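The structures considered in this document are given below.
There are two complexes below, and they share chain A, which is joined by chain B in the first and by chain C in the second.
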Partner chain A sequence: MALVLQFRNVSKKFGALAAISDLNVDFKPGIITSVIGPNGAGKSTAINLAGGAYPLSGGAIFLDGRDITGLPPYKLAQSGVSRTFQNLRLFEDMTLIEHIEVCELTRTFRQVPLEVFWPPAARRMAVEREKRAMAVLDKFDLAGIGHVRARDLPYGHRKLLEIARAIAVRPRVLFLDEPAAGLNFKETRALGERLLALRSPDLIIVLIEHDMDMVMRLSDEIYVLHQGRLLAHGTPDQIKGNTDVQTAYLGSPNDHQALQAAARTRESRVRIRTGEGVTWH
Partner chain B sequence: MNQPHPFPGFSHAIVRWGVLAALVGVIFFAVPLMAKVYELRVLNNLLLYMLLGAGLTIVVGYAGLLDLGFVAFYAIGAYSYAILASAQFDFHLPFLLVLAIGTILAAFTGLLLGYPVMRLRGDYLAIVTLGFGEIIRIIINNWNGLTNGPKGIARIDRPDLLGWQITTPRDLYLFLLVVVILVYTLVFRLERSLLGKAWRAMREDQVALRASGVDTTRLKLLAFALSASIGGAAGVFFAASQRFVSPESFVLHESILIVVIVVIGGVANLIGTVIGAFVVVIVPELLRGYQDYRMLLFGLLLVLGIILRPEGLVPQRYGIGWILKKTGWR
Partner chain C sequence: MELIQQTVNALSIGAIYALIALGYTMVYGVLKLLNFAHGEMFMLGAFFSYWLIAQVVGSSETLSFLQFVGIGLSILFSCLLVGLVAMLLERIVYRPLRGKPRLSPLLGALGMSIVLQNVVQISVGPGIFAYPTLFGSTRIEIGGIGINRTAIVIIGLSVALMAALQVFLQRSRTGVRIRALAEDHEIARLIGIEINKPIAAIFFIGGALGALGGVLYAANYGVMQFSMGTIVGLKAFTAAVLGGIGSVPGAVLGGFLLGLLETFAAGLLPKLTGGLIGTEYRDVVAFAVLIVVLIFRPSGLLGRPEGTGEASDKKDF
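After this line comes the complex of A and B, so read on.
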């Protein structure tokens, strides 16, 4: 079976709240697939389910035809499901190189005794490990600052480091949870180029992002979630022209006018946030 | 590498080897020759606590799991030797064999403790491990048939190391010194290994480490087992040096003292552990003249230390690695 990540009738309830109901999506390799939707649509929940952060209430997730539902996070990562976090989760006191190195532990676990007891082997292993880590960092132009601690990095580099770490586990599926959040225009552009460069025939890239410019520019396929359900699916152009999506994001034309009317009655001028500050062209 | 030389006229290597030789000369020859029996006993005590500190550093310092029941492993090691090499059951197994048994038994108990407490963190973990320490002590105290209960086990065999009978405090000092150097080297190498880095990452963010494909449960169990095995070995040395063990040696107070050793010098830093052991063992000895106020003064000093240096006496970056780098060994 060709590489594919499938959500089959996936649902997740938090108490009475159905965060995701009966979701069926396929993520394919070689392209960038985006998942968008207004706040609370269930995007992050979908990542967290695929990453094993919490159990599904129903349905199943398959990678390559293999049922990976309910595996613990480290096993999921080992079977190729890798992710970044919406709120950065770095090892603050460790260097960039070390961030990448620790991802190797599972693969090289048996060598730990040798590394502890036999200094010459340890030296050789350390050199090789650092070289491999540098190669990963180099893809993100971070190799030059490989010995800097994460806490001393500027925000843009911290974001990149998280993606580099997610790549270091040699993923088959890469979930990016709002990689552009907090980045400025230039940084977002640069990040977009990097993500395009990451595309490869054996890697599924799933992007969750609020920056619609970026989503439309990078994505080959888009899934739109709304209130935990799949609202639309298609290419960027199809999604742009979809009236359901516009309604979900912006409200119906009537809602919009009602809001504006409400705002006019206020003393101060209130800028109405429509959806996530999205402008539709 | 090419920094200006601090001692012009000598090459780096000569200075380095000279200092090392002087250090070895002092601790291996001058100290044992010049120290009196009482001083040697204090030093042996110091070395034992340094061992315990190194063991607890793995679980508290590296893995970041507060273990208040560490003394249980010490007790298991001590009683292994007391039971297997004494007149208690007339087993007289050789020292090295019992050392292996005690170490493995303690490591196994460490796994046994580690497994059920995997989901606990912070205060909850501390309380459960504290309870575990007490359970082991109470079992020892009550299992008369095996441990001789509160009366303890006396007339334990002198340790015999492949023909070298360790009898005087001086012998014991030299032996423990070698053991401490060996254990500290290994623990330091562990800290520097990929496993040590993964422990640090786990301390920083477990969730992120798991998402990177690392089984944190395995990391924690390993920390518990390795730390317990050092505690167990220290216990065997303790029983062999005292030649008498009783449950009184393994009370909660001891566990807390070892945590103090690890914390006061600087967590996750072996130099800090050495200094912590000095503070905990030597300072009360120096305060002996003040009799009744000794522990009060000691307590005050600890409180002051924590207030003035909350991260420990030695900050984490000034560890063995820093010394090796500064002196040009690496």
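After this line comes the complex of A and C, so read on.
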């Protein structure tokens, strides 16, 4: 079976609130798939479910046809699921290199005695590790500041480091939860270029983003969630022209400009009217 | 002359406190758990090594070279054994209680402390045992000052191991993982770090170092008892808090500071008060200093203040 990440009838309830109901989506490799929707649509919840942060209330998630539902996060990481976080979370007192090192997934514990009791081997391993970490950081132009601690980084670099950390495990599925949040226009552009460069035939990239401009520019496929359900699915052009989506976001058709502007400023938290009489796909 | 003598005494008891404090601080750093059973690792170290050394030495009057090696191996082996006991405790008590309210593992730790003490008390009896002076009581003359050989072994061994631990935590990859866990337990789990093995490693290292503290303590004072872990464990815990719990260099600093405070308080109090307050008040002084430090620096000397926008405060992902 081809590499694909599938959500099958996935649902998640927090108490009485149905954050996600009966969601069926497929994420394919080689392209960037975006998940958009108004706040509270269940986008981050979907990532948290796939990343093992909390258990599903129903349904199943498959990677390559293998059921990965309910695996602990480290097992998921070993099967190639990796992610960034909506709220930046770094190891503040650790250097950039250490951020990457900590994610390396090799059978390390067998090497520990050698590393602890045989200094030459430890030095050799450390040099190799640093080289590998530098190679990852280099993709994000962070190699020059590899020995800086995370707490001393400017915000834009922190966002990049989080993505670097997520790809350090050589993932097959990469979830990016609002990577452009808080970045200025220029940084967002640069980030977009980097994300496009990350595309590869064996990597599934899932982007969650409020910046519609970025989403439309980068995505090959878009899923629109609304109130925990799948509202629409298609290419950026199809989504732009989809009246259901416009209704869900704004309540009036042909107002893509306003949609963009409202969605871009995350602080203003769009006053979203729920679409009435919407036909569900 | 006496000042130097006192300093050496202070440093050797301080080194022992530091060795034990490391176990408290590493476990707290990662799990935010006060492992009150850790004092029992100290006690078990003394008892295991006592038994093993008795097997090696037997009834011989003078020791052969092979027996010296055997004593060394006995100490090493008892430390490893206690490390395994600590790992076992984590596996059967703390891991099932992980993620539960903080009070649950804390009570689990107190319970395990009582269980271990009672197991030892029932198996060997409540009496005080005379522990062999392993490193000899000969004084070595350094610059005209006689220094107890045991003190040299204690200080040398402890400092070497603490340095090794620091190198391990800073350089090795398991060390990097342990630090990542200590920084943000939740995020480390979510980015896919397998957390159980580093946590087991922490318990093993902490237990083994605590056991060595027990061996050195018993060899220094020549006695051991099933309840010895309570008060020394409490002192080491104080040392960890003094230095800033969760901080490894803090535990070392706290250990030595507490040793110095205690020893000099014991030495100076009778002189300063004209005999009104005797040496028995040294614990009062030590704990009073702790209280003062906690009033003015609640996070300890090298600890990071808690709850100032640290990653671990953010609860959503």
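Everything that follows uses one rule, which is that the second predicted complex is superposed on the first by the 248 of 281 C-alpha atoms of A that agree within 3 Å, B and C clash if a C-alpha of one lies under 4 Å from a C-alpha of the other, contacts with A are read in each partner's own complex, and residues count from 1 in each chain.
Criterion: contacts are C-beta pairs under 8 Å (C-beta built on N, C-alpha and C of every residue); 3 or more make two chains touch, one makes a residue touch a chain.
The shown structure was predicted, so the numbers you read here are calculated from the model rather than taken from an experiment.
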| item | value |
| --- | --- |
| Fit or clash - chain C, chain B, common chain A | clash |
| First (chain B), second (chain C), both or neither touched by A:Ser44 | second |
| Touched partner set for A:Ala232, first chain B, second chain C, both or neither | neither |
| Touching partner for A:Glu101 - first (chain B), second (chain C), both, neither | both |
| Chain B versus chain C as contact partner of A:Gln86, first or second or both or neither | second |
| First, second, both or neither for A:Gln78, with chain B first and chain C second | both |
| Overlap of chain C and chain B interfaces on chain A (superposed complexes) | 51, 53, 73-74, 77-78, 82-83, 85, 89-94, 98, 101-105, 108, 111-112, 115-116, 122, 125, 129, 165-166, 169 |
| Of chain B, residues touching chain A in the complex | 186, 189-190, 192-195, 197-198, 200-201, 204-205, 207-216 |
| Partner chain A, residues of chain C touching it in the complex | 168, 171-174, 176-177, 179-180, 183-184, 187-195, 197, 201, 310-311, 314, 316-317 |
| Contact set on chain A toward chain C in their complex | 44, 48, 51-53, 73-74, 76-78, 81-83, 85-87, 89-94, 98, 101-105, 108-109, 111-112, 115-116, 122, 125-126, 129, 165-166, 169, 177 |
| Sites on chain A touched by chain B in the complex | 51, 53, 72-75, 77-78, 82-83, 85, 89-94, 98-99, 101-106, 108, 111-112, 115-117, 119, 122, 125, 129, 165-166, 168-169 |
